[in-house]
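Listed below are the structures to be examined.
Below, chain A partners chain B and then partners chain C, in two separate complexes.
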Partner chain A sequence: MPQSPGASLRNAVIVGGNRTPFVKSGGAYAAASNQDMLTAAIDGLVARFGLAGQKVDEVVAGAVLKHTRDFNLTRESVLGSALDPHTPAVDLQQACGTGLEAVIYAANKIRLGQATTAIAGGVDSASDAPIVVKEGLRRALLKASYARKPLDRVKAFTAVRPADLAPVPPAVVEPRTGLSMGESQAQTTAKWGITRQAQDELALASHRNLARAWDSGFFDDLVTPYLKVAKDKILRPETTIEALGKLRPVFGGQDGTMTAGNSTALTDGAAVVLLAEESYAREHHWPVLARVVDAQVAASDYVTGNEDLLLAGARAIPELLERNGLGLDDFTYIEIHEAFASTVLATLAALEQNGTGTVDRAKLNVHGSSLAAGHPFAATGGRIVATLAKMLAEKGAGSKGLISICAAGGMAVTAILEAV
Partner chain B sequence: MSILESILTSPLGKKVTAKAGLAEPPVLRRGRVPAAGPVALASLPGGGIAADVLGHLGVETVEPLLDVADNRTPDEKGRPQPPRYTTRPGALVVDATGLREIPQLELIRQVLRPVMKGLEKSGRVIFLATEAEFVDGLEAKAVAQSIDGIMRTVGKELRGGATANLVLVGPDTRASDLASTLSFLLEGRSAFVSGQVWRVGPAKGDHDGSVSDRPFEGRIVVVTGAARGIGTSIAQTFHRDGAALVVVDVPAAGDALAKVANELRGSALQLDITAPDAGARIAAHVARVHGPDARIHAMVHNAGITRDKMLANLDEKLWASVLDVNLAAEMRINEVLLDHGQPGALASDGRIIGIASTSGWAGNKGQTNYAASKAGVMGLVWAMRDELADSQVTTNGVAPGFIETDMTAAIPYVQREVFRRTNSLSQGGSPVDVAETIAYLCDPASGGVDGQVIRVCGQNLIGR
Partner chain C sequence: MADLVFPELPSIGPLLARGVAGSIGAGRGARPVPGRAAIVASHRQDIARLSAYARVCGFTLRDHVPPTWLHVLTFPLQAALMAERDFPYALAGLVHASNSMMLHRPVSVGEELALVVRAGNARPHRKGALFDLLGEVRGRGGETVWTGTSSYLALGGKVAGASAPAEAEPAASEVALPAISQQWRLPADLGRQYAAVSGDVNPIHLNALTARVFGFKRPIIHGMWTHARVIAALEPRLPDAYTVDVEFKRPILLPGKAGFATDGSSFAVTNRDGKPYLTGSITPA
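== the complex of A and B ==
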């Protein structure tokens, strides 16, 4: 059996997590900044573990939609939190893979002995997204700021055309194809023949699963209310296959199968997890939920149109499994981020096609995923890692979980957790 | 704030209300602040323990002035006046533990008369007496009850934020057993406790009775309902006194709870206390944050709800929810935490606190369910004293009267003003007054206080 490359390293374990409830952009958190939300998520975690005034070796987090003023988002959030100000922090960004990549970064440092405790996660606000000015106005502003004489400053603006004054709204568009995430996925959906019915069923399962987890109190120690919101607001526990079936397609034209019901909504929220070296966690009586076993990223050649934008998971997973001598059947739970229902379904189909194997749907997103919870881009990784780690711990030592999160730029971040 | 309230609390409005007999209430001395003036000690025949307690506390005392004929001086109209203190005393301690005969009550009158108008602001009159059940003979038993009546009346006659209380001293009680109680009564901590009677006996456990400003150093205190109001104040008070806090509240109040926990360098537990495994989850949280060997020093059951409805409109749902949160949950949690061997359980010399209410004492229109639950808490406290007689654990309760909180701020102004004024201190209490009383009951030096319910009501006219 091939030896895991990390066998001689220390163990990095997930000990807990915390997130804000997730809400639709423009909703209850519309006035909150990324820094506000990340600080709240950190403070909730700090309170749960009684870490106020204590130093954590490193905090790593990021956001996808980021203001220039947030150049040190995570450090500023730490300084605004109850943590010891001696806690260093780093911003990291890998589109929707940010949260999981942050966990991998922290776990790697812990495994190498460069840190013993860490907080990892992410935040995103599509409500507080930076509004960009058009190129003509940007050039004029730049020129004016360099001008020495007042008259030159005024002259700089004479080149500005009325059209330049309109702000450029933020959009989730791939720079190299000009296609929105949804339109790219619509191509994938059509190419893989994913039906409307299959997508709606997956969406329904997501809502049902997440609702059941909430009702059972599963999130009582994983979520801290924020701005008077105590529960995920996108979640529709009462939705039905009929209701989902009535929604009009929003991507892929009139014959499209992707609707607001089987695509994730723009979401605001933050999520973080607490990691520690295993023996340190045990000495401090922290719950050792799951070990971070290994991780793999991959990217697809989507620009040429030969491959799909959001299916790089189907490239990363086989590599990850092979290195660890595992098959899909070895996992108790599998978490595939639901950017769109069809992304999950196409990833499953691609894994079958490339010979990796078949995912048992009963193991998939058992406590719901992004379709029901929402998807604040960089926060999704932290949500999934904390949820999966707790599920694995409840299942018992040795149970394994697989995570796959697709990201813009044709990337995917995958990881294996194992209860210890 | 209502228009009426704005007018009446304006400078002009205050003059009007003062004319109408609603003077600005006195500002009470609060916190771990002793009286400024001297402590007069009246050690009456057969007594002596009060002198020992005050000696134990290092409090210097002065002789009280006696209102006897020889000490009186005539005023300008020639009427005899009682002797006057040159420096206003901060407190008068009356040790009446040895009084058994009716004529001896005159000795109490003699020491009281000079202080009734002679105490400093927020002064104290503290009586120590022996409970009727522990004295022999009809006259002695009657006299014991007379002292109770004297104290309650003194509380009502005193002005300037002064209070009166009676401590019943049980058999075999040592000075060290009473130290925390007298320290509490003398300091500003007891600001809103007046007209109350409670028992102190020989302390459970082996604490030496020494008092400190940080009695909870190295001790864990759990407070439920801590995200706001009185619960937050309780947590803050224990934090001031050195405790490591575990604050508990429902998941929906988690953000406010996290703030409280982080400010106090404690930890937060989002928990619905009515969950069947609530006790186990509290213990597990304590063991997780403080280690499996850690034990809870004090469990403060502060969480409570109201679902007010006149009985004519009260259904089984509103009935059950109040009784479950305010009473049944507390019992279930205690049962689990009293298994001292379990990691994160209550210490074998721990403290349990229940919160009763004036509504529990006296009943209150529209609050049958609440009164049932709060009277139930008192019954529980009394019963646990017997149940845990062989244990070192003490169980006590506090019954808040009108306390200024967000909850009482919602009461209409006139009604609120009436509630505020109908007590001997002519004002509402502050959440910290409840918190201070709880902290006193939980003090490691308070092992002699067990099965008591102390009202924090400024001697409210309602109820006994």
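== the complex of A and C ==
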């Protein structure tokens, strides 16, 4: 059994966050690349905390849908930002867990003394996703580029068949199961007996909660307008249970219960978080919202169908709680990423079934989550961490929050934050 | 003299054609530059167009727009003034000699802008006449957010009422810059790319055939592309408000390569021999 994090480690705290408003793919940010949006999110954070010209010890971020030209996406974004160019950066990718994993990476470096300040986050554009050529054409292009003689270059293309010329659009399909995330989740939904009504209620709560947070000004210091957009555009403050109930199923066939209303939309956006060693943050009169207490990643055996693709959170959370001597009741707020409403509901059911406990629904996604905000894959972690850290700070020292984000590949990333 | 008031930015192609056609056989040279203004009272910026401009020039697509973008917005009004029948200098054969612009404060892509351009400051030059097109961009509150001066040289042109000898060219300010830090590759179709995003469809930029008519063996890139590319290279370090002055020294033939050198305030875009295509400097406001 690993030891509980020792007192010899330094405290890594969340100072603040910044993100673009999130918008539906193909919409207001259709013209923006991942690098554009990540740069905009970083520069908004830089402006908020007066970091222009300053060196941050490391910037860590990533994207799920990534162009080959973006091999150094985060460093390129730093170089385009107002940060001191001596600021190093790293790309990290763990599907939808990217943003939270980036925060954990940064917090670990700060706790170990390898960094004092860091920016962590992520970005995704499903509008500007890479289009890939088919395998036959790709091989021919590679062969041609290595050919020495012009004739060999021509010959390389003789193996290309007309069907090879069609582009391959990106798809969120698990390579080993061939199922899209929605199709996989539809199996989970049926297996755990999650009803349409329960899913629609969760979706409604997400919209209502996010709308209330926007109305109260909660996001005023967490979001910077981008390209004429000042507020999350997927949010439907006026939606009703009746309106959600009228939507047709999109996954799980005719009798399916998953709709466009209780599944996340393809979304564009970027989110970043500023972290610092606690005493450094206090010396610089930065807000000290919450410290990163601990984190746990887990994976499920979904390929065989024994377990569920998106329920690894129910494996990570008990490990995380046990190591820290905590129960679900010890948390003021619990954030479970709403990939689909039924993912959250099945995770809650799995936590009950495996004896971890019952999540008090009044503590769940209190300021809304991905169903209402949208889900630009790698940006979701940064959105949740900044939101939760601010909520905990408002609640007061000692209040704790739990985050669980499911990811492709049957993984989940979880973490505990605590207001200090 | 009535101002030219447009409901939206006029299309440049027909203006250029009219300006070029109108210049043929017109008795040019000794008339004064008309004092009218060309105005668009309210312009909503187009994100798709800004994005295309940003891609071609190397900018990050931000909420705040580059100052050279604001120049691009005023350029159709420049063309409109020069296409007027009584404009004394022929549009064909004008050389963009230098440019100066001041960004008074960051301008967001969401802002509605008023655009105004006037012509003036005609003065003798040893190769003809120089005149300026003076642009101004105002924000919603009417405050000036950007001002620009484009100086054009009319080869062989005369200045009304001027009898004094052409002023000597000011001594080139020699700034020793560090070695080039960037090399830019300008593809053969860059002129067409920039024409598409800026609206400046002057034929010298488009293809070899049309460029040859005007005495260039290959198409040349727009000076304002090179200017924009410089601002894109400096973008992350620029203050909120600044003046940027550039001089266009010689054209860049397409396709081509250019080096970029800067010490942070002065900059130069140079050819393989280190001779400048463009020089300039940035001054914080």
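By definition in this document, the second predicted complex is superposed on the first by the 416 of 420 C-alpha atoms of A that agree within 3 Å, B and C clash if a C-alpha of one lies under 4 Å from a C-alpha of the other, contacts with A are read in each partner's own complex, and residues count from 1 in each chain.
Rule of thumb we're sticking to: a contact is a pair of C-beta atoms (placed from the backbone, for glycine too) under 8 Å apart; a residue touches a chain by one contact, two chains touch by 3 or more.
Everything numeric here is computed off the predicted structure, so don't read it as measured data.
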Clash-or-fit label for the pair chain B, chain C on chain A: clash
Partner chain in contact with A:225 - chain B first, chain C second, else both or neither: both
Partner chain(s) touched by A:117 [first = chain B, second = chain C, both, neither]: neither
Touched partner set for A:80, first chain B, second chain C, both or neither: second
Touched partner set for A:399, first chain B, second chain C, both or neither: neither
Touching partner for A:35 - first (chain B), second (chain C), both, neither: second
Partner chain(s) touched by A:43 [first = chain B, second = chain C, both, neither]: both
Touching partner for A:296 - first (chain B), second (chain C), both, neither: neither
Single chain C stretch clashing with chain B - from 132-140, 186-194 or 258-266: 132-140
Common ground on chain A, meaning residues reached by chain C in one complex and by chain B in the other: 40, 43, 81-82, 224-227
Residues on chain A engaged by chain B in the complex (per definition of touch): 40, 43-44, 46-50, 52-53, 81-82, 217, 220-221, 223-227, 230, 284-287
List of chain A residues in touch with chain C within their complex: 28, 30-33, 35-36, 39-40, 43, 79-83, 85, 224-228
Residue ranges of chain B in contact with chain A within the complex: 251-255, 257-259, 261-272, 275, 287-292
Sites on chain C touched by chain A in the complex: 47-48, 50-52, 54, 60-63, 109-110, 235-237
